[in-house]
Structures are given as C-alpha cells and as structure tokens.
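Quick one: structure below, then a few questions.
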Amino acid sequence: MNVQRSNLIFAWILLLPAVLYVALIVAYPLVDTFILSFTDASLKKVTNWVGWVNYAKIFNQTFAEVIIRTFVWTFFSVSIKMIIGVFGATMLNAAVPGRALFRVLTMPPWIVPMAIGIFMWGWMYNGQFGMISGMLQRVGLASGPVAFLAEGSTAFWATIITDVWIGVPMVTLYMLAAMQAIPQDLYEAAWTDGAGRFYRFRRITLPLIIPSLITMSMLSLIATFNSFDIIWILTRGGPSGETTTMIIDTYRTAIGSNKYGEGAARAVLICIFLSIFCVCYFRLTSRLASGDKR
Amino acid sequence: ANQEISWIYCGDKIDPIHEKYIKEWEGKNAGWSVKPEVVGWEQCQDKATTLAAAGTPVAMAYVGSRTLKEFAENDLIVPVPMSDDEKKSYYPGIVSTVTFDDTQWGVPIAFSTKALYWNKALFKQAGLDPEKPPQTWAEEIAFAKAIKEKTGIPGYGLPAKTFDNTMHQFMHWVYTNNGTIIDDKGNIKADSPEVLAALQAYKDITPYSVEGATAYEQNEIRAIFLDGKVGMIQAGSGAAYRLKDTKLEWGVAPLPLGPSAKGQGTLLITDSLAIFKGSGVEEKATEFAKFITSAGPQGEYELQGGAGLTPLRPSAQVDEFVKKEPFWKPFIDGIAYGGPEPLFKDYKGFQNSMIEMVQSVVTGKAEPADALKKAATDIEAFK
Amino acid sequence: MKQPSLLINRYKWYEIVGIYAGILVFLTFVLAPFVEGFLVSLKPLSQLFSSPYRFIPENGSFEAYRTMWISVPGFARYIFNSFFISIIVTAVVLILVVPAAYSFARFEFRGAGLLLGAFLAVNMFSGAVLLIPLFRLMRSLGLLNTYFAIIVPGVAFLIPSAIWLLRTYMMRIPRELDEAAYVDGASHFYTLRRVILPIAMPGITVVAITTFIGSYAQQFIFALTFNSKTEYAPLPVGLFAYFGRQEVVWNELMAASFVGIAPAMIVIFLLQRYLVSGLTAGAVKQ
Amino acid sequence: MGQLLLNKVQKFYGDFEVLKGVQLEVNNGEFVVFVGPSGCGKSTLLRMIAGLDGTSAGDIVIDGVRVNDLPPVKRGIAMVFQSYALYPHMSVFENIAFPLRVEKMEEGKLKAKVENAARILHLDQRLQQKPGMLSGGQRQRVAIGRAIVREPKIFLFDEPLSNLDAALRSDMRIELAKLHRQLKATMIYVTHDQVEAMTMADRIVVLNAGEIAQTGAPLELYHKPANMFVAGFIGNPKMNFLPVTCTGAADKSVTVDYKGQTLTVPVTPREGVVGKALTLGVRPEHIQLASGDISLTITPSVIERLGAQTVAYAALDGEGENFCATLSGSVGVRPEQPMLVGINAADCHLFDGAGIAFERHVALTDIDLNLLNPTALA
Amino acid sequence: MGQLLLNKVQKFYGDFEVLKGVQLEVNNGEFVVFVGPSGCGKSTLLRMIAGLDGTSAGDIVIDGVRVNDLPPVKRGIAMVFQSYALYPHMSVFENIAFPLRVEKMEEGKLKAKVENAARILHLDQRLQQKPGMLSGGQRQRVAIGRAIVREPKIFLFDEPLSNLDAALRSDMRIELAKLHRQLKATMIYVTHDQVEAMTMADRIVVLNAGEIAQTGAPLELYHKPANMFVAGFIGNPKMNFLPVTCTGAADKSVTVDYKGQTLTVPVTPREGVVGKALTLGVRPEHIQLASGDISLTITPSVIERLGAQTVAYAALDGEGENFCATLSGSVGVRPEQPMLVGINAADCHLFDGAGIAFERHVALTDIDLNLLNPTALA
C-alpha cells in the first residue's frame, strides 16, 4: 500500500503547519491552563500543587446557579439566534427588488468591533436617555424611564438580545446559503401540487436546512457559551449576579481576583461541558446522516 | 548606560504637564528615560497586573491604592517609605490610603472626595428651602421623599450598578456614620450597628431614588442630575465643572451625616504610583515617582480642574484656588474626616461582596441585617 | 442564474407587503443600535444626556466627526493598523488553512475526526482565559510590542472556523479532478496549486472575508495586553482612547466607530456577491 | 376532461423569441410527445402549460378554460420533472402523499390512495424508504406516483427517462405506456430521444427552434416526414441524404439523377421542379446489400455489429458526412473494404431546395391504416 | 508496448470481496470492453489497473512489469473519467496540455502536441474556450485529448459516454472506434451499455459479481453465450427464456419439449441430460410472425413501433416476465390481439439447470470466421 502511505504522508505535510501553529500558540497555553487548574496559582510568586481542591471549591450553591443560568442563557440565545436567523434568511431569500442591499445591511453587527456594538446597546437600554425607554414613554407604553439593566430578569434578557444581535448576521448568512442550495425544482414540484408559500417553507425549506441549522447551532453554541464581552460591558454579571455566566465567573476569578488556579479549573470545566455538547452533536448528525442519505 | 523606566499611564493621552516634567527629570538624570505607556482607564489596572503576574512587570504603574495590599502581599511591589516630612506635607488621611503594616506601598498621585449636590429648583418646587441642603441622613431621606412626592422627580440618585463606585458610594455613607469595614489590625468590623444603619438608610431612600438604581453607576447618575432629573446626588468635584455649563441652579455641601456620626466623614480614594519589583530600576523609579508627585508638578497637575481631582497637599495655591471656585470648599474640608478605602488582599472579592450586598438591599431581595451579616462573613475570606 | 420570469417567484401584493414588512422588522432589529449610535454621534455632548428622549437631535451636527480626529490624534493610524493586521492575519490564515482543509477534505487518515474536533476545542477556551499563558509565550517568542503580538494569536484563534468552513467547501469538489491529475503524473502539491486552489476560489474568498472581519473587529484583548505601542494598536484599542477618567466622549466615540468600520463596510459591500454565492456553493452541509 | 389547446403561444426571453406562436390541439386521453433537439423550446412549452413559466402571448386553454393566469394547481395538471424533484427528507409514502397533504385530505382516504398508486407502480415494498435509497427507476416511479394521486386531467413529463440507463429506460417506457392505457389520462411528454417518441406517442409534435416542424402519428412521421428536419430527426441512425437533380416529373412520380443513375421516386411532383437540385432521402435500414434501383459502392470506415444488425458507416466521396447502412443479421462486410449497396425507389424520400418533402405514395394501407393512430383502437 | 496481464486480481472492501480473482490477458492494440450490471466491479477493476485503488491480492502486469506498486503515471496508462473530470478553470488548451505541463515539456513541443490532438478530435476551434461553454460531446473529446497527448500504452475509459444523449452517444462511439484504429493503442473500456460493448469491442469481458462470466469477441458472445447470464446480458431486447424438458439427445442435437411441442436444438448434448428441466433461449429478433419449428400464440400488451422495427411485448401465460419479439418493418400487430409467432430450432440456445449453455453448432463460417476478431484483419 505504497500509494496510501504516500497519501498519508502528504496529508500530514499539509496539516502540519496549521497543526503546529495552533499547537504552539493555543495548545501550549491550553495545557498550561489545564495544569494551572491543579495549582493555587495567583499573584504569589510560588505556586503549589493542590490537586482537586480548585475543582472541589467550585461546587457550591452559587456555582450550581451559575451553571444553570449559563445553560439557560445559552439555550435561549442560540435558539433565538437560529429563529431570527432563519426568519431573516427567509426574508432575504425572497426574490424582491433590493435584496442585495438588504443582505449587505445585515452585516454591520458582525463587522463592528464587539465592544462598540455593545455600547450602542448600552445606550438603547439606558432608562433615562436611551432609545427604547424613550420610545416606550413617547408612545405611552411606559409611564417613566425603563432601565432594562436594573433588574435581574430584564437584564438577563437584555444581554441575550444583544448576544443574539451580534450572532444573527452570521447565522442569517449561512441559512441564506443553505436555502439557496435547495434545488428550485423541489419548490416548483410542490407548487404544481398546490402547496402555498408557507406550506412550502414548512415542508421543504425547513427540513432541508436542518443539517446546516444543526452545524450552525453547534458553532454558535460554543461561541455563545463563551460570550464574555456582552455581559461584562452591559452588566458585569449583575445586578446581584443575575447575569453571571460561567465565563463571567471564570474571568472574575482568574483576571479580576487573580486566582489563576481556580479560574483555570473553571475554564477546564467549560471545555468539558462544550466537549460533551460536541460529542452529542456528532452523534446526532451521524444518526441523521445514516437515516437520510441524500 | 541608557535605562528606561516604563510607566503604565492610565488615560487617553499623557497629560502635557506630566510630559513637561518627564522631560525635566530626564534632563536631570542623564542616561535615564521614562517611557509612559498610555492605557485606557478600563483596562489600565488589569494590564499592570497581567504584566506583573506574567513576570515582566513594568517599572511603575498607575493603580488604585486599594490594590496595593494585594500587590504587596504577593511580593510584586516594593515599599516606598515616606519620611515624616513627606507624610506631613499631605492632607491628613491620605498617607493612610497607601499604608499598611506601617509601611507606605505607593505614592499618591490622584485623589478624590465627594460632597452632596442638590438641585435648588427642585427643592423650590417641592416646597423645600433651596438654600438649605440636608445635614443628616434623616433630612436627606425626608427631602428626597418630598421631592419625589411633590414633583414626581426622584429625590436622590443612588448608583448600584455592578461597578466599583457602587461600593465607594456606600462607603461614604459608612464613613459619615462613623462606621468602618476593617480596622487597623485587620479585623472585620462590618457587622456593626453603624454599617447596618447605613444599609438601612439605603433601603429607606431607595423608594425616592432614581428608579432602577442597579442599572446606573455614578457617572450615569451624575448625567441624570445634570439633566435636572434628580434632586440630590453625591459626587466628586468634576460634577461642579459640568454644572457650570448648564442652566441648573445647584449647590454643593458636605455629605449628610448618619445618627452615629462623630463629625464629618468621607471616603478618601487615591490612586498611586506603584513601583514593581523585578524591573531592575526600582530605585530610580521610586525617585521619579516621588519627583512627579512632589508638590510642584502635582500641584500644577491636580489644579487644572475638570478632572475631578482633589488636591493632595495643602498649599497657598490651593487656598487661592478655593477662593476663586468656592464650590471646592466641601471637598477640601471633608478630607480631614475621611477614611481610607478598606485594604483587602482580594480587593475584587471584597468589592463584589459589597456590591452584592447593596444590590440585594436596593432591589428588596434581602433585609439589610441579613445582607450585612452575609457580606461580613463573605469578606472574611478576602482580607 | 434563475430566471426572473419564474411565476413561482411572482408575488401577490400582500406577499410583497409581507416580505418587505418582514425585512423591515428584521433590519430594524439589526440596525436600531446603529441608528442609536449614529444619533449619539450627532448630538453635542451636553445634549446627549437629556430627557425626554428626542429621536431627531436638536442642533445635531457632524461636529464630532471633526473633533474625533483631534481628540485622538492617531486615529487614522489605528484604522490603518487594523487593516494592515487584518490583511496579514487573513493571508497567514489562508496559507495555513487551505492545505489543512484540503487534507481534511480529501484524505482519510486515522485521527482526522479527532484532530478536527481538537481544532474546534481551541474555540472552547475563550482568549481571555488563556491570556496569561499566552502572554508568557509571546514574551518567550520575543513578540511583545510588535505587530506580531496581535497577528500571531489572532491567526491561531481564527484558524479553526476557517478550516471547518473550507473543508466543507472542498469536499464538494469532485474527487475525480484530483484523480485525473494524479493519473497524469501531477504531484500532490501541483494538484493542489493548479487544480484545487483555483476551483476552490469562491470558498477561499468567503473564508478570507470572514477571517478579515473576524480579525478586524475582534483583536482587542490580545492587542491590548501583548502590545503597548500606539503605533501598532488596532482600531478597538484606539476606540477606547475616547474613554476618559471621568467620562466617555460618547459622540466622538460613536463617530469614530462609524469612521472606523466604514472601510470594512465598503469591502463587504464590494464583496457581498462573492460572500453569498461562495457560501452557497459550499454551504455548510453536514 | 383533459383537452388542451395552445393558441398562438409565444414566449420571449428578453428579445429572444423562444417559442414562435405554437398552435396545437391535444385531445382528451391522447399521449402526445414533444421532440426536438436540445434548446428548441420543449421544456419551456411544457413549463408554460404547467404554469411554471408565464406566457408572452397567446392562450393556453384546458377543457375550454383559458388558464394563462391560473396557478398550476388550478389547471388540473400534474408534472413529472426530469430530475424527479423528490423531497429527499420524506419517505416514499410522504412523497407520494404530498399533493394530498396539501389538499388536507383525511388520513384514511389518503392512505388508500397512496397505497393504490404504489401498487400500480410496484412500490408497495418501498413506501417507508427515503428516495436516497432507491434506484433511478424506482425514483422515477415515485415521481409518477406523486403525479398520479392527484388524478390530474393532464400529465406533463419533462424527459422523465433521461437520467436512466438504457435497460431501465426501455423497461420504464413500457410501464409508462401501460400506465397510460390504465389511467386513460391525457399525457404530454417531452423528450429528445426519438426512440421514446416513436414507441410511446399517439402523436408526435416535432419542434424545431421554437416552431412546430410537424405533427403526426409516429409512423406517419417515419414514413411521410414533411421536411428534411423531421426526416433527419425521426429514425435512428439518421436518414441519408443524397444530392440529386430532377430530370423529369410524371403524374405520380419524379425522376431524378444521381451521378448518372436515374431513379423514379413515387412522389407527387410540384410545378417547375424539373431541372432543380433536390435532395434524395433514404433511411439506413432501407439500404440493401445488393444492387437496387440505384447502386452505390461505399467503403465503410466503421462497422458496428449488434448481432441482430450490422451497421456500416461510410463517407460518401467528396462529402464529410457519414453515410450509413443498417443491414440485417451478421453480414460479412469489413471496414475499408468497398461494398456494393442498393437503394429502391419505393423507399426513397424527396425534398426540394427548401427542405420541404414531396408527398410520398407510401402504401401504408398494406399494414393497417388504423395503426397510424393506435388509440383509435382502444 | 501495451500488453496487460491481470493475474488472480482480488479486491476486498473490508470483508466484502468485490473482485474474486480476475484472470485476464489483454494484447497490445486490443480494444477490450468490460461490461456487466451495476455494482459488479467494473470501475473497481479499472481503477486498480490505473493505480487509483490498491490491489488486495494478485498482480497487475503491464508489458511484463509488475506495476502493483507504481503510481499511475509510471504505468503508462491514461484514464478518461465518466464525469470527464475537466478542470473548469482552464481553457481547453490548458486542459489538454495539463499532463505535458506536469512533465514540464518545453512550450513549442507542447503546443504542437496539443494542437495535433485537437485536430484529431476536431477541437481546433475550441482551444481557447472553457469547458463550461462546451457541449457534452465536446467535453468528452477534451477528456480524450488529455489522455491522448500523453501517448499512453493503455487507455482506460470508465463509462465515458454515459452522460451523453442517444444521438451523441452513437456519434462518439464511431469516433472512438476510429480513434482506436488511428492510434493503435490498447484500450480498456468500461460500460454497462451492451450496445457500446458490441459495437466497439475487439473482445468483451462480461463481469458478473466480481467474476468473469465470459470473454470473447462480440459476435461470439452473441451467438455462443457461455451461460444464461451472458445470454441475457448481451442483446437488446434481452433474450427470451422458456422452460423446457429434455426428451432426447442425439449426436449433435438435443430434443426438448415445450408444452407439448417438440424441438430439436442443434447443440452438443451432455451426459444424463435426458429428462432434465432445461431452459430454451431465443432472441426477440429471431422470432418470426409465422409458424416455425415451434409456434406460440401470444397476446402482446405493448407494441413499440420504431418504423424499421416493431417490438411486441407479451406476458407468457403463468409467468410475469415479458416475452418479447422484434419484428422487421411496420407489421400489423396490435396490442391485446393474439398473434401467432414461430421459433426455429437453429436460432435457439439451450441451458442446463445451472444456466450453463450447451455448445451451439452455429454456422458462423457462413459469414466469415475472421469477423469474430476484427483486429486480426487490421
């Protein structure tokens, strides 16, 4: 199997630069983090091996809440992103004049530096001087200023909305691409059979973009789970910790309080959760793939 | 040899006055240069810490004095002992913001105190005497109530966002009630009647405060005040400069006092220059730090106005200055009664507990006594 | 291209109204913060904080778009840096990712799936957590305070998604093309360069665009920590220069943001055709 | 019940006239096949009938109702696409049931209908599978099943067999022919394969560049093509054309000269034809390995031996075009060895300078006139 | 120069044995066609010869050299893919020039070679176009051009015509046959279309489930299939099979009984055959519309009229399978009307219970024995 060996060597030659690069730049710090998670590293000059202490420390009442909150937050954010993304893609997929322009107009949230986008949302949410509160008062839906970040529940949703906003362009774009990859004749066949626009959407478009949707959800899930800037800039995890997700907690511990060991343990935990997700995802897709050969 | 002193300088650009004096110092110390590295306020502190933690400290960094203890405990900075003369040149209490274990760990470079601002027009509308600011918490709460009820505009601006200044604002209340969080010996004194009273007062004034306190930090509250949409706030001198540009009628007075007050009180917040260990130029950096914060350069720097800085040292210029801008008086006068920021080993941890406590009370999630008890226990771990 | 005359795409009036209404709702959500940001950039600082809320600013002006250049003198440099860095990052990412994606798309070797997953794992750790180890690494590589301090980690974090994207695209290029070249004696590299690369161009374009955007907008935390020199700092760092000790110069910050993203927007506008069509040809299909 | 009238139907794409006023009547129950070379407008015409493309001018009338502005479902048609257009994510059952689901038919009735269709198409065993697991022919049948359940008045097929291999194609041809007899519905079928056209059609419509070249029963087109285009298009291998000169015209025949040999072709002459350059047409299968009314010596360059037939291809001197002869059985001809072949006048076609055929006096009666229209029998 | 030997070549995919020890010798200059149903291993075998797939066991020897471990380019082969595998971004010129560019041939020589190939394939006018602008047949020729310029010893074709329509396919068939004569190279050609196999091959290799079912010249396979599989696979429409019982065996013939009619088939008998159930095979084209040595009355359900031929399909009573008769010209048979057909013993094939043919005494001599191997002439 001479041929196969040469293929194998070539495959690795091609991979090597990227693999080495990532290994050096990311994997090394990653391993470092992993090791760190078993130490009491902090600003102190000496670090000691502490074993599982950092992990043991994490598990308490508050952290359980943080985990649950992170899952809920991620769940809603990803689902809403997908829903709005599919909605947007559907609209932009319609053959109406101006759609090229509309497609471009969906991109800004993706292009703008994240912090700036978040500041703009900060303005929107501002009770006294912000647009939403102002508009609500103008049309009489609110009697006084509505500060969206003041309460846990509204702040929770406000941060989700902003996260959705930042993620939507990418999802929309990919969903649009997935929709355009559906052969036109399927729609024509359905139309000849009398299926209306909505029915076609429900029975053809939707099922056929599901594979792309799942891939996108997974990529989005990783990003969302690690979504830091939005919460940090808008609420710093408050009020009363009600928007504190795992990544915020990790940052606060590692960077804020300089407890690098404990922070690393949290980071490793995040990675474990996400890995579980990914494994489930691969299981799911391979099941889907075997059930539905195209 | 050409040696460099690297300096993490917070802000958007180097102040021209500092620039001038850097030149001057470099002129006097041949072979030495100072390399300021401008870092935005938001990230300034973290950057200095990261560099130190990674083992490549800068020579000198502009840091909040509250972090000095943490740095010192971890052996990241060197002490900067002051001579008695030096100590004496400062307003009282300032040196203590950089002192623990009887050693000074940084050179103060910026300083702020707070006073009470009130909106005279709103006082009038509410049927209050526009020239008579509240002297006590009770008055403050009553006035706020009156304003809220008569005008529909909130009477007080209470910042309670998850931000460092939420804790600072609360500390002002603690200090105006003769309370303390941690004593000189490092014992936690948070669970005391004085502090509880402060927290209770927070609870009492909340109904008459800007709605959604947890959404605002102090600069935002200040903006609301500038917009005439709140009766009273406690703020630094910077607010006065901005108020001058508005049509508002306003006054500024010392902070109202709590029931246990033994006189005036305020929180003294200073920023310092910390000299990091291991840069190899510690000595020269210390020298420079003392130079740039010495009476001459510092006086010129802090009296530019607008930045909200309070002078560190008494001087003829300061007196002159206060005469010209009378609203400075409460800020300067307050210094004498001020207390330092509590110094903790895990300062952020402490701060988070305090913010948590304030927020839980302001949002009505917890009773003051319970919240305080919980916070007092939590912060034990951070000292 | 699909025929415009297709009756299936002929909409009734209410459908057109519905679609435009849908687009309006969607774009409102997407663009509302920009409207807010734009309004902020037009208002004088003194009026920014005034209620009740005014949609149309009183004495609105473009003054901030002038003063922003004065407040932060090096702003043009920041924009240049962002462009420069992003272009280099994009180039490096492409150089690394094109062969790797090809390898993943074409060769079945043991551990391919694992490795692919490992690349994904890179994104599971957010950059902020890895900051300190990364810093140490940058220091030992002697890259601190250079353009490379921003470029090198930026590339690493953009590689995984680029590989995923390009791999799916390349899997759609018929295998026979490689085999035909192989039969004709072309070496693997020759095939990659002369056959695969040109054919995968639409996909590569998409990856280039997304990488560019990713780099343009997200190089903040590394840029801040690993570089101390203004002359190398990118746009996001520059924008934070509008944050003062006491307050943020909001109108100038917003003006600067709009000025800062304008070049990238123009690039996107010019390339949007390739973006959608390139994605379509290699749509994520798993 | 399933009658279609195309009245001066035109279609423009921009300035390009794809269909140039097509006039056609299709009777109820008829199986009409549109044939023509690629790009002649077959698909466009079918899609216009279906209602997938708009009509630039003219009327499309189904059962007396002008349907130009009706959506497909209201026209009472069903269409089978070349690509089958099966929904990859639905089972065969759901694919077939799709039109009924659209109609919101109640479950029991739906099930009965789908199962009935599946039985007709021998898909009973496959109902739970996804299209991806089926062979080409099975997919084809699913697509037809989806058309059947709607019980349309008119079935439209766009090259439904072109994706299948030869063997499957001939099987499916037979099945479609049976289905037509079974359902008795009107069927309109597009193909560019003339074998399909010949074997399945009641009537063939030959399209050429957007115009109808000829309409007629398969054998009519075979024996009496109206012009050279149809003559060349129908029949495989293609008819041979020889340049001849008219030397005389009698009452019911025309005499022509081909390189010195004279041939009297039994066709109706036209005035002033004598002396004109004409084209003589003769099908490969009418060339015999013996001398005939005229004889040629050809040197085949390629010989194809199919067992039952032997096909010889030769280049007639001076012309690049292939001359082809189909000989029965396995005959002893060899490439590059000259052979003598003969053509009989009775088998010949004659075309004028414009390619229009002279009417042949072909004795179709000796088979059965009714054969020209098989449905007349049914 | 272009000789290929496959020695017990085996291929496993996992546990699945795709090729079960294929043994074959291909002579220099021969045109060998692999036919067989889908999935029988044709492509796999071809790809193994090309060097694209590895060999599990056995040797592949080209011109005396074992090439199992050589890369394709060192084997002296060129391959034309079913999908053509043209590089869409290169002009026709560059596509054809590709193998030469790989070799780094100098520009002038390269140009001459490409232009020569283009001339042979009539692509001169298209050299600057991209493949996307070409028709199917032209693309096909570009793919061949790319193979030609390398001057390989052996050409490999994997169903090169299957993407073309019928008319184009028969044109290309002829062109390929000419090309073979012109280049005198060894060609190995995979198809599942038996018409292609019959018309192009010097020798046909019929594969069935990874094994060679029979190897021989086209007419040999047609007239003397070794087994029922080959008999059914070669010839279109497919041979009809009738169940018969052996009633007697003579020196050079076997007598069988079909539903009371007796037939003496001129085949070599085997021992103990009397009394066994055998299968009688008769090709549709050997059925005549008159009584023969045995006669049947069939009721055709479908009649296909191709003009030159009429094909009748009927179900023989009791059996679901189609019985098919190909009748010459336009004959007067109608669907659902019973007709009498006859079969002559001389045309019949006879198979034993295992499907192995009895050797026919077919008088191939009366045509020309050499025809069985056309290259022997060249």
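The chains carry the letters A, B, C, D and E, assigned in the order they are written, with residues numbered from 1 in each.
Here is the rule we go by: a contact is a pair of C-beta atoms (placed from the backbone, for glycine too) under 8 Å apart; a residue touches a chain by one contact, two chains touch by 3 or more.
This one's a predicted model, so the numbers in the text were calculated from it and none came from an experiment.
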Minimal step count in the chain contact network, subunit C to subunit E: 1
A correct list of chains touching both subunit C and subunit D reads A, E
Furthest chain, CA centroid comparison against subunit D: B
Chains sharing the largest count of C-beta contacts are A-C
Cα centroid separation between subunit A and subunit C, in whole Å? 16
Note: subunit C sits from subunit B at a C-alpha centroid distance in Å of 40
Computed distance of Cα centres, subunit D from subunit B, in Å: 93
What whole-Å value do you get for the distance between subunit D and subunit E if each is reduced to the mean of its CA atoms? 27
By the touch rule stated above, which residues of subunit B touch at least two different other chains? 50, 53, 223-224, 227, 229
Check: subunit C positions touching at least 2 other chains come out as 6, 8, 48-51, 131-132, 136, 240
For subunit E, give me the residues that contact two or more of the other chains. 51, 71
State the interface residues of subunit D toward subunit E in the complex, per the touch definition above. 38, 162, 165-167, 170, 173-174, 177-178, 181, 192-195, 198-199, 218-219, 222-223, 234-238, 283, 285, 301-308, 311, 313, 322, 326, 328, 330-332, 334-335, 367-368, 371, 374, 377-378
Would you tell me which residues of subunit B are touching subunit A in their complex? 46, 49-50, 52-53, 70-71, 74-76, 160-163, 210-216, 220, 223-224, 227, 229, 346, 348-349, 352, 355-356, 359-360, 363, 365
Enumerate the contact residues on subunit A facing subunit D in the complex. 183, 185-186, 188-195, 199, 203-204, 207-208, 210, 291-294
Per the touch rule, the subunit E residues reaching subunit C in their complex are 50-52, 71-73, 77-79, 81-83, 85, 87-90, 98-99, 101-103, 146, 150
Residue set of subunit C touching subunit A in the complex reads 2, 4, 6, 8-9, 11, 15-16, 19-20, 22-23, 26-27, 29-37, 39-40, 48-55, 95-97, 99-100, 102-104, 106-107, 109, 113, 115, 117, 119-126, 128-134, 136-137, 152-153, 155-157, 159-161, 163-164, 188, 192, 213, 216-218, 220, 235-236, 239-240, 250, 253-254, 257, 260-261, 264-265, 268-269, 272-273, 275-276, 279-280, 283-286
